[in-house]
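Structures follow.
You will see two complexes here that share chain A, one where it goes with chain B and one where it goes with chain C.
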Partner chain A sequence: MNYQLKEVNLIYDTDKESGAAALKDVNLSLNTKGLVGILGPSGSGKSSLLYTMAGLKYPTSGQVFYGNMDFSTMAISELASLRRKEFGFIFQQHFLINYMTVLENALVPLNLNTRRVRRKAMILLERLGVEKCANKYPHQLSGGQRQRVAIVRALMNDPKVIFGDEPTAALDHESAGEVMELLLEYTKNALVVIVTHDESILGKADTMIHIRDGLIVRVSQPGQEAAK
Partner chain B sequence: MKPLNSLLYLKNNFKSALPIFLSMTIGVFLVYVFSLFGVTTIKMVNVARFDVMDKYNVVYSKNDTTLPLSFLEELDNIPGDGVIAVQMNLSGLPYYRGGLGNTTILTFNVFEEDAAALLESFGIELIEGKLPQNNQNEILVPREYALQNHLSVGDYIGSEVSDEYALQGKYKICGLMRGEVLFSVTSQPGDETKEQILIRGVMYRIDYLSSEERTQLINSLPENVVTLTHDSYVQEFALTLNSMQLLTYILTAAIIIILCIALGNLNFILFAKRRNELMILHSIGYTKDKLSRKLWLENLFVCLSGYLAGIGLVEITVWLINIISLHPQGKVLELISWEGMLAALTMPVFVSIFSLLPCLLSRFKNLTEH
Partner chain C sequence: MRPLSICIFFRHNKKKLISNVIIIVVAICFVYIMECFVASIVQSIYPLDANRFEYASVIISTEAVPEISQEMIDSTLSSENIERTMPISIQKINFSVPGSSTHPAVLGIDYSDLSYLSTKYKIELYDGRMPEEGTKEIAVDWNAALNNNLQIGSQVGSDIDKTQPLNGTYTVVGILKSDSHISIVGAPGPNDSTLANDEKGYFIFPNEGCFEAVEDEVTAFTRQGLYVWTLTLYNKAFAKNSQTFKILDTMVILVIVVMVICLVCSKYAQYFSRKSEIGVLNALGYTRREITARIFREEIITNLIGFIVGLTLAILLCKIILAAYFDSIGGTGVYLYGKAAAMSLPAPLLTTIFTLIPLYRLIGRFDAISIVEDN
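Now for the complex of A and B:
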C-alpha cells in the first residue's frame, strides 16, 4: 500500500467549543498508481482530506502513512522535502507566479535553470500544447493555458503522487476533458488524486471516495465493478 | 537565473521594491551626510589642534616666572630647529569654520627667523606674500582662513579694525600659507631677546623624543606653567567630539526605527499581495525557513541597493557642493567617512530583518490555509 490513513480526525479551531470537524475517523488505503477521485458537496471535507494526505494539514488525531513514512513523526522540513521530491500539486485556480514567465514557473519546483531542466520543461510544455507561451507571463494566457502550465509545473519533478484540487473547475468542458486525459496518461506511473464535485470528469477513475460532513461514506472502484 | 533567485523577483517587481529602495536611499543619505559633517568637524579640530600638537608641545608660564632650568636643559637634547622660543600672548582670531562648528586657530608669536623653520617643519608652503618681520605687526595666516573671512594680503585684522577680533591691536596680513595644519604666525618679540623669551615660553619638537621622555618633561613642570599637548586638547575636545558621535548614533537609531516601522507596514502590504505565491511555494515543498530567507534576501538586496545609492548620491552631492560653493569660501566638506559608511550600513541590515517581522510573525504562519 502506498497511502494509508488511520483514524484520521481533523478539527479546525480546536481551542473553541464549536470546533468544526473537517474529517472524522477517516480510514483509507490507496495503491501506488491510478486515478483516485474524491467526491462530495462543498464543505464536505474533500479538500481537507487532500491536503492532509499531502502533508499540508496536520491531523488533530490519527496517522497518515506514505509508504513507510509516518507523517506524524516527520519534521516540517522532512514533509516539505517529501512534497518537493515526490508530490505534484494542481490547484483549482492555476496559482502561477505572476512575475515569472511560463518557463520560469515550470522550473519553480526544481529551482534550477540548467539546459537539461529547461529542455525537460519545454518537452512538457510541448506535450500540453503551450510551448509557444514559454516566454509569456501568466496574465497573457487564457485560463486553459494557465492550467496546462500549472500541470507542467506539477510534473516537473516526476512526482509519484499528483494532487489536484478541482483542477478543471475553472475550465470549459473541452479543456477540462483534455486536462483529465493528460492526468489519466500519468496514472500509468503515478497516483493521481483529484478532488472534485463534478463526477463526470472521473469516468475512468480507479477509485472513488465519497465524502460527506467529514465522513467517508463510500469507497468504490468503478473499473472493477464494471468488470464484475 | 534560478526561478527563486531573489534578483529575479526584484528584476520583475522593480516598482514594488521602489518605495523601500527610495526610503533606504533617503535614510542613508541623511545619516551619511550627517556623518560627513561630523568627520569634517573632527578634521577641523585635527588640523587646528591635534595635528599641530602631534609635532610640537607648547609650554609657557602664565606670569613672568621662568620655566625650570632642568626642563630647559633637557630640551638641549633636541636637535636643530626643534626648539623655538614662543609667546602665546596673541589669541583671538575670528573663528575658522568647518563641519558642524568652528574653532579658533592658534597664533604662534615667534622670532622672524624661527617662522620659516616652523613652517618647514610642517611642510607648509608660503603661497602669497612674505613671512612676518619682527615688531612690524604683521601676521601670516592660512589661505583657508583668509578665504573664509574674505581677507587677502595687505588687509588688516585686530580689535582696532573690528570688534569681532579679540586680537588686540592692528595686524597686517603679510602672507598666506597652505599646508596640512592650520595656525597663524606673527613676530612681536618687543624688546626681548630670544633667550629672554625662551625661558618663559617654548615650543619643542616631540618627534625626537620617546613617549616616556615627553611625559617626563611635562611632569617636571610646575603647576603655573601652561602645557599645550595632544592630550590636553583631547581632554578639551573630548566632550564635544563624543557628543557629536553620540548624536550620529542617535540619528542612525532613530532613522532605523522609523524605517523599520514604515517599511514593516509596506512589506506587510506587499506580503499580503504575494500570499498566493508563497502558499504555492510552500505547497510545492519550500519550507517556511527557505521562504523567509528568500523574502529577507529580496529585502536585503533592495535595502543594500538603497544604501549604495544613498552613499553614491551623497558623494556626488558633496563633491558638487565642494566644487561649486565650499572650496571658493575656503571650506570643505569631507568626502569619505568610513565610520559613517559603517553606521549607515547598519540601516539596510537591521531594516531588512526587522521590517519583515510583521510578515513573518503574522500571516506567514497561515500559509496552508487555502
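Now for the complex of A and C:
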C-alpha cells in the first residue's frame, strides 16, 4: 500500500466568506515503509495534513488514496474500521481513558484480554519503561509516562501506518530517543508519519515534508541526499 | 474481560453505577408503593359493600315509601326469577383505612332466615356465638372488628362513640367471617317499629342464572320512590367516587415524567463529560455504531439492575409496611400488583430510550479531531 494525495485542499469554515485554508493543493506520494517527518511552523497545516492522511478529516477537495482506497468514496464507518485495522495514532495529548488501568488502556485498540495480547502489551510497556505501571491509573502517572502508554496503545494492533502528532513533546530528551528508537524498528514493516517541531528526532527520517501556510514547500529525502 | 466490556466499566465506576441505580430504584419504589397504596384502599373498601350485592340486590324504604309490602314486591318482580326475598333492618358500622372510609352493613334479620343467609353468603362463626334475637348484641364481621378494635365482650355504638352510625350500644358476642362482610345484630329486627325509613328493606335473591334479569327488575323500584342497590349500581357509584384514585394515577404519571426528565438530563451530562473518551475511541477506529452499542449496553444493564432491585425492594416494602398495616386494621394490603409493576416500567424504559436517542446524535457530533483540538 502506498499513500497518495492529489490536489488536496482543506478549508475550515467553508460556509463563511473568509474560510481558512489549512491545506492548499497538496500533492504527495509516499512509500509504504519508512519514517516520514512533517515539519513547519505553528499553524502551517502539519496536523491537518496528518489528520487528512489518517482519514480523521475529509478534504474539502482532492483525493486521498491509501493503496486502492479512495477516502472520499468511503463511509465514515469504513474509515473508522480502516483506522482500527491498519493505523496507529499517537496524539499530542495522551487521551488515556481515566477509569482504566494502564494495561487496559493499552488493550483498547484490540479490545481483547487474552494472555497473548497481554504479554504483547507488557513487552511494549517494558520497552518504554512503564511496565511497573501496568495496574496503575493514568492520574497516578507523570505526563511522560502517560504519553509512553499512549504510544504502546498505538502500536498494539501492529499498524501498517503510525501517525504521531508531536509524540515526544511531553518527553525528556532521553525518553524521546527511546521512543524514536522503537518507532524506527516499526519502519521496517510500516510507514511512520511524525509531525514535530523538533527536527533532531527526525535524524533518520527517510522523507521530510516541509509545510508552510498549508502549502508543501519542500519534500526531501535526507538519507539519499547525504549519500550523494 | 475485554477492556471495553461493561463489566470493566462498572468495576471501575462503581459509584456512578450505584448512584444511577439508586435513582431508578427510588423512582420505581415510589411508583410501585403509590400504586399498591391505592390498590390496597380499593381492595379494602370495595368488597365490604360490593360482595354482598353479588348474591342479592337490596331495596330500602324511603320517606316517600316508608313501608315495603310483599304485594309491592310480588307485583314488581317475576316470581320465576326470584329465589327468595328477605326482610332486613340495615345499620352501618365504621370502617376506615388511610385514604378512604366506608360503612359496611350491619343487618337485623328474622332468625328463620339466618340459615339461608349464612349458606348464601358463606358466613362462618369465627369466634363466640350469634347474637340472641331481640337483644342488643352483635356478631361483627372480622374485618370490621379489626378496624374498630373490637373483641368478644367489647361494646360498640353511637352511645359510646358519637362517630359510629350504629345506634345505641351493642355488645360484641361473636366474630363472623365471610366474603360479604356482613355483621348481624340481635335487634332491631326487620319488623321493628322504631326503625327509621332508611333502616329497613329487603334482600332480593335471584334464581340461578337470573341475576341480571333480577337486577333490571329491582332497578324499577327506583321509579316507585325506593332506594335500590344492585351490583351494577354500586359499581357505578364506586367508580364515580373513585375519581380521587384517578388523580393519584395522574400524579404518578407526572412523577414518572419528571423523574425521566431528571434522569435523562443527568445521563446526558455524564456522557458529555466522557466526550474525550468517545472521541479517542472514534479516532482509534471504533465506529459510531460500536460506541453507541457499548453505551446502549451500559444503559440497559444499569436500568435493568435498577428495575429489578427497585421492584424487589418495593414489593418487600409493600409487604412489610403497607400490607402488614392494612391487614392489621382489617383491610387488604396489596403488595403483588401487576399494574404497579407495569407503571414502574416506564421510568427505566423511557430513561433508556430518551438517553440513547440524544446520545446517538451527540456521539455523531463528537468529531475526534475537534476534541483533540479543543484540548
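In this text, the second predicted complex is superposed on the first by the 227 of 228 C-alpha atoms of A that agree within 3 Å, B and C clash if a C-alpha of one lies under 4 Å from a C-alpha of the other, contacts with A are read in each partner's own complex, and residues count from 1 in each chain.
The rule is short, and it goes like this: a contact is a pair of C-beta atoms (placed from the backbone, for glycine too) under 8 Å apart; a residue touches a chain by one contact, two chains touch by 3 or more.
Because the structure is predicted, anything quoted here is derived from the model rather than measured.
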Q: With everything superposed onto chain A, say whether chain B and chain C fit together or clash.
A: clash
Q: Mind working out whether A:46 is in touch with chain B, chain C, both or neither, as first, second, both or neither?
A: neither
Q. Where does A:85 make contact in the superposed view: on chain B (first), on chain C (second), on both, or on neither?
A. both
Q | Partner chain(s) touched by A:76 [first = chain B, second = chain C, both, neither] | A | both
Q: Have a look at where A:112 lands relative to chain B and chain C in the superposition and call it first, second, both or neither.
A: both
Q.
Let me test your reading of the model: by the given contact rule, A:146 touches which partner, first (chain B), second (chain C), both or neither?
A. neither
Q) Both chain B and chain C contact which residues of chain A? A) 51, 56-57, 76-77, 80-85, 87, 89, 91, 95, 97-100, 104-105, 107-109, 111-113, 153, 165
Q: Name, in rising order, each residue of chain C that touches chain A in their complex.
A: 1-4, 8-9, 12-13, 276-277, 279-289, 368-369, 372, 375
**Q.** Sites on chain B touched by chain A in the complex
**A.** 1-4, 8-9, 12-13, 276-277, 279-289, 368, 370
Q | Contact set on chain A toward chain B in their complex | A | 47, 51, 54, 56-57, 76-77, 80-85, 87, 89, 91, 95, 97-100, 104-105, 107-109, 111-113, 153, 165
Q: Can you check the complex and tell me which residues of chain A touch chain C?
A: 51, 56-57, 76-77, 80-85, 87, 89, 91-93, 95, 97-100, 104-105, 107-109, 111-113, 153, 165
